[in-house]
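Heads up, the next two complexes both have subunit A, just with different partners, subunit B and then subunit C.
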Partner chain A sequence: MSFLIAQSLINGVILGTLYLLMAIGFTLAFGVMRIVNFAHGEFYMIGAFCALIGVTWLGLPFPITLALTIAFAILLGAVVERLVFRPFRADELSGMIASLGLAMILQHGALILFGPDPQAFPSLVSGVFRWGALIVPKSRALALGIGIVILLVFYVFLMHTRHGRALRALVQDQEVAAVFGVRLEIMYPLGLGLGVALAAVAGGLMAPLFGVSPFIGGTPLLKAFIVVILGGLGSIPGAALAAILLGLIESFTSSFISASAADIVTFALVIGVLLVRPAGLLGRAET
Partner chain B sequence: MKRNTLLAAASTIALISGGAMAQETLKLGALVTLSGAGASWGQGMMRAAELAAEDVNEDGGLEVDGTKYKVEIIAYDDAYKANEAVTAANRLVFEDEVKYIIGTVGSAPILAIQPITEENGVITMTLGFTGQALSPEKPYTFRPNPTTAEVAQPQIDWIVKTQEVKTVGALFPKDETGEAIAKDLSAAYEKAGATLAATEFFERDRVDFIPLLTRIIAQGVDAIELDGNSPATAGQIVQQARDLGFEGVILRTGGPATQEIVNVAGEAATEGMFVHSAFDPGVESAKAYEERFTSTYNEPMNGFSPFFYDGTKMLFQAMRDAGTVEDTEAVKTALENISDYQGILGTMNWTGEDRYGIAHQLDSPFYIARVEGGEEVIVARCTSDGCE
Partner chain C sequence: MHSEVSVRDLVVNYGPVRALHGVSFDVPAGQIAALVGSNGAGKSTVLKAICGLLQPVEGEIVVGGEVMSPKPGDPLRHGVALSPEGRRLFGRLPVEENLLMGAYTVPDAASRREMMERVYGYFPRLRERRRQMAGSLSGGEQQMCAIGRALMARPKVLLLDEPSLGIAPIIVAELAKIIEEISRDMSMTVLLVEQNAQMALSLASTGIVLETGKVVLTGTGSELLESPEVRAAYLGT
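Let's turn to the complex of A and B:
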């Protein structure tokens, strides 16, 4: 029993960190641009394909592939902001529908390019770390490690650089930020670009674990959605809290009750939080 | 000038006579899964129908009662969902007016479209594993591929005996297909003297199996059974089970998917896995079909594809025998009457009277293979009586 508890704890933390990568990008895009980006899951898929192309087609080492994926994703996000989202900046509903359309275009584009079959992704590492009966697959430990490093770098950027401060100012109040000289024409593409890059890097990290196909974006999008609603739309600390919480809940209910129960508990929790704290655990109420 | 007139006249005659010889078209629906987890099966089925159509079109069309029909495939994607299958079936039956449908892939979709197809006398060839797909009340539905019900017992007997397996764990998708297979397998293991000790059900789009596998492995099972899972999902289960340090037997008693599983999980994780195989590369016609498939589509062939190639060809023969493409009742009877059909996989006959109450299930030889270096190596040959 204690083995199962400890194992579930480890599984849950790993899962939570991965959800966090997805959710932070999602909540950042919303916080900065007030756009609920339904294409977020497809950027995860694109990141996974970038990693696949880099590692298997071009034969690049994984870290370089990830770095290239991030650079490509920031550019892609900036372009998407300019071409698709800019016209809907003040219009949340239309922006949401545009993002749905974008999601379909990206998914079916990938389907045309790569076909529906899951693609082989070579394992980067194999084997497990063992402490007594406890087991952590090395592949997951690696994803967890890189994920944490990326999150830390992102945290430092957000808290301790000029652009990071500008982004946070934008999340708090767009007009006041603009009055104080935050340059919107740079910060919007940057905000979305970073959001997209976080999704893409999550996809790249997950590719060796969960496989690559054009349809892999749906589940992470849903998880990001749950995390962001639990934590409060636009709130990054809220997302962090909710992601770890979600990972642990899923892991424990799947291990001790059943996979179906995990879904039930998760959504019951979402409904419960929305009833008691409509703005989410750490979100600010709309004024 | 005179020459020009002659030329013009000649070409006009050619045009007119060309028009008079214009072929009729026979539309064949392909209602399969082209997106999501079951897409590789759906593509295998659709392409089987396309290749069978290509065969007859090369000869100038399918000749039935003196008329040549050019065969055209109309494909729709059901995304493995019952509601989308119903929409597509309505389009096929009422707008495109097809009388023959290759599909569906899934069990829930075939059960959902049968009220439409049976009512309108549309012949369907489904892959759906549910026992309810075939019954005397559904005389227009046929199944060209063997299912778990046909192949599980002999293979499980063999594995339990040779690999000394006592307890088995398995994960199944939470839908009609998964429930049906779980029931069949549980009974089959019981009969073979082992127990399906740990089962888990999950949503079809799940990709993270670590928590479920942790639970299964914690119960100390000797083997993990993959039957009932789509190729991609099965690959993820194999990879993650090995990631968790599981060293027991991994087997798949039904549903050909080896190539896709190796693609996803990698050669190392799949080494030594036992799989069901309907495909003996030693049979020349089967090998030729696989080569034709891969050279045409540049993708590995899914193991279900040959059944649907044979099935479609049998359907064509039934139309020829019946002398009609319009009267599906006559075609259905002609199809039922085909026996000892020489398909690419071997000799095919209809069976299933005992199990389903109607002989609409195709019977064919099958094999148990061991995966070595990512390739299937046949270790036992089976009929419904047993494997050796």
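Let's turn to the complex of A and C:
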């Protein structure tokens, strides 16, 4: 029994890390562009395919593949910002619809290129860590470790560098930020590019665990949405709390009840939290 | 006396409405000038045009002898910093990070720290609250933070838009004193926009009265305070 609890705990933390990577990129894109980006999940999918191509086609080591994925994703995000989102800056509804269109294009583009079948990802590391009865596959520990390192690096960038501060200021008042010399024409593509990169890294990290297909973006998008709403829009500590909570609840419910019950419990919880605290766990009401 | 800021024949539209009909005035270097007038006279529009938030249709703005291009960022390079109307702090950033945003384009860390110490010297209350979210400060403290943020850019010209708005009279008096000190200590040119004409004109060496987008009166601060038109229209006496 205690073995099952420990196992669920570890799986929950892995899921939580994945959800947090997705949610932070999602909320950053929203903060910078004021657009709900429904294409966010497709960037997860693209990240997964990048990892697959890097590792199986090009035979590159996994860390180099991930680094290339990040670079490609930042570039892709910057291009998408310029071509798709910038024309809709002042128009949230059209921007949202444009992001839905972009999601379709990306998903069906992947379908044309790679076909509908799930592709197997060769295992990167084999074997398990074993503490008594507790077993953690090394592949999961690897994904968790890299995920946490990337989150920490991003956190330090956002909270403790000049450009990170400019991004946070820009989210609150773009006009005033511009008056003090923040160059919006650079910060918009950078903001979206970083958000896209976080989603792509999540995809790349999870590809060895969950496989790759053109349709894998939907669930992570939904989870990012839940985490952001649950944690409170714009609150990073809130998102972190909500992501870990969501991961744990899912993992415990699947272990002790069933996988389908996990979704029911999750959404019941979301509705419950929003009824009691409409601004989310750590969110503030919009003023 | 040479002027640090010259506004020449400025015409600005606010959407379809013409807000300024050819405004011209000079602000002498190192002194405080007050731009007064009633609500809707175009005072804030002048400041927004000077700091690049509004594009003039005609006319030009000369700062330190150079004509500025009307883009946000360019006025900053010419040494112009703004404390905006309604303060517009980054409410979910701590006080200290608001100040650091003011120094976003100051590359030298030592110079940023030195300026921050000066700002804390003028406004000791900001130091006490430096880790607090700017949005949680009182109105007076927020105004101090907004002025401090502008100072952090090490400007030659400080634009203050309605610093007394919504602030208790005792704090307004305190702010007025500090604005005077700042201008004197750093020989900084200050352009003060105010509905509180009494406060602004008593501080200013130069006063400019704006009415429906035109300059109707200029003079020294004390001349304007004595002028019957100004007294009747803005001071209620």
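As a working rule, the second predicted complex is superposed on the first by the 287 of 287 C-alpha atoms of A that agree within 3 Å, B and C clash if a C-alpha of one lies under 4 Å from a C-alpha of the other, contacts with A are read in each partner's own complex, and residues count from 1 in each chain.
We take it that contacts are C-beta pairs under 8 Å (C-beta built on N, C-alpha and C of every residue); 3 or more make two chains touch, one makes a residue touch a chain.
On a predicted model such as this, the values are computed, not experimentally measured, just so you know.
Student: Contact-wise, after the overlay, does A:139 reach subunit B, subunit C, both or neither (first, second, both, neither)?
Tutor: first
Student: Taking the superposition as given, does A:162 touch the first partner, subunit B, the second, subunit C, both, or neither?
Tutor: second
Student: In the superposed arrangement, does A:172 touch subunit B (first), subunit C (second), both or neither?
Tutor: second
Student: Could you figure out whether subunit B or subunit C reaches more residues of subunit A?
Tutor: Ranking subunit B and subunit C by residues of subunit A touched puts B first.
Student: Taking the superposition on A as described, I'd like to know which of subunit B and subunit C A:115 touches: first, second, both or neither.
Tutor: In the superposition, A:115 contacts subunit B only.
Student: Should A:180 be classified as contacting the first partner (subunit B), the second (subunit C), both, or neither?
Tutor: second
Student: Under the stated touch criterion, which partner chain does A:56 make contact with: subunit B (first), subunit C (second), both, or neither?
Tutor: neither
Student: Across the two complexes, what residues of subunit A are contacted by subunit B and by subunit C?
Tutor: Dual-contact residues (subunit A): none.
Student: Can you tell me which positions in subunit B touch subunit A when the two form their complex?
Tutor: 34-37, 39-40, 43, 174, 200-203, 205-208, 210-212, 214-215, 218, 231-232, 235-236, 239-240, 243-245, 260, 262-264, 266, 268-269, 299
Student: For the complex, which residues does subunit C have touching subunit A?
Tutor: Touching subunit A from subunit C are residues 51-53, 72-73, 75-77, 81-82, 84, 88, 90-93, 97, 100-102, 104-105, 135, 149, 153.
Student: Which positions of subunit A touch subunit C when the two form their complex?
Tutor: Counting only subunit A, the residues touching subunit C are 162, 165-166, 168-169, 172-173, 175-183, 234, 287.
Student: Can you check the complex and tell me which residues of subunit A touch subunit B?
Tutor: Answer in residue numbers: 3-4, 7-8, 11, 15, 111, 115-123, 126, 128, 130, 135, 137, 139-140, 209-211, 213-216, 218-219, 250-251, 254-256, 258-260, 262-263.
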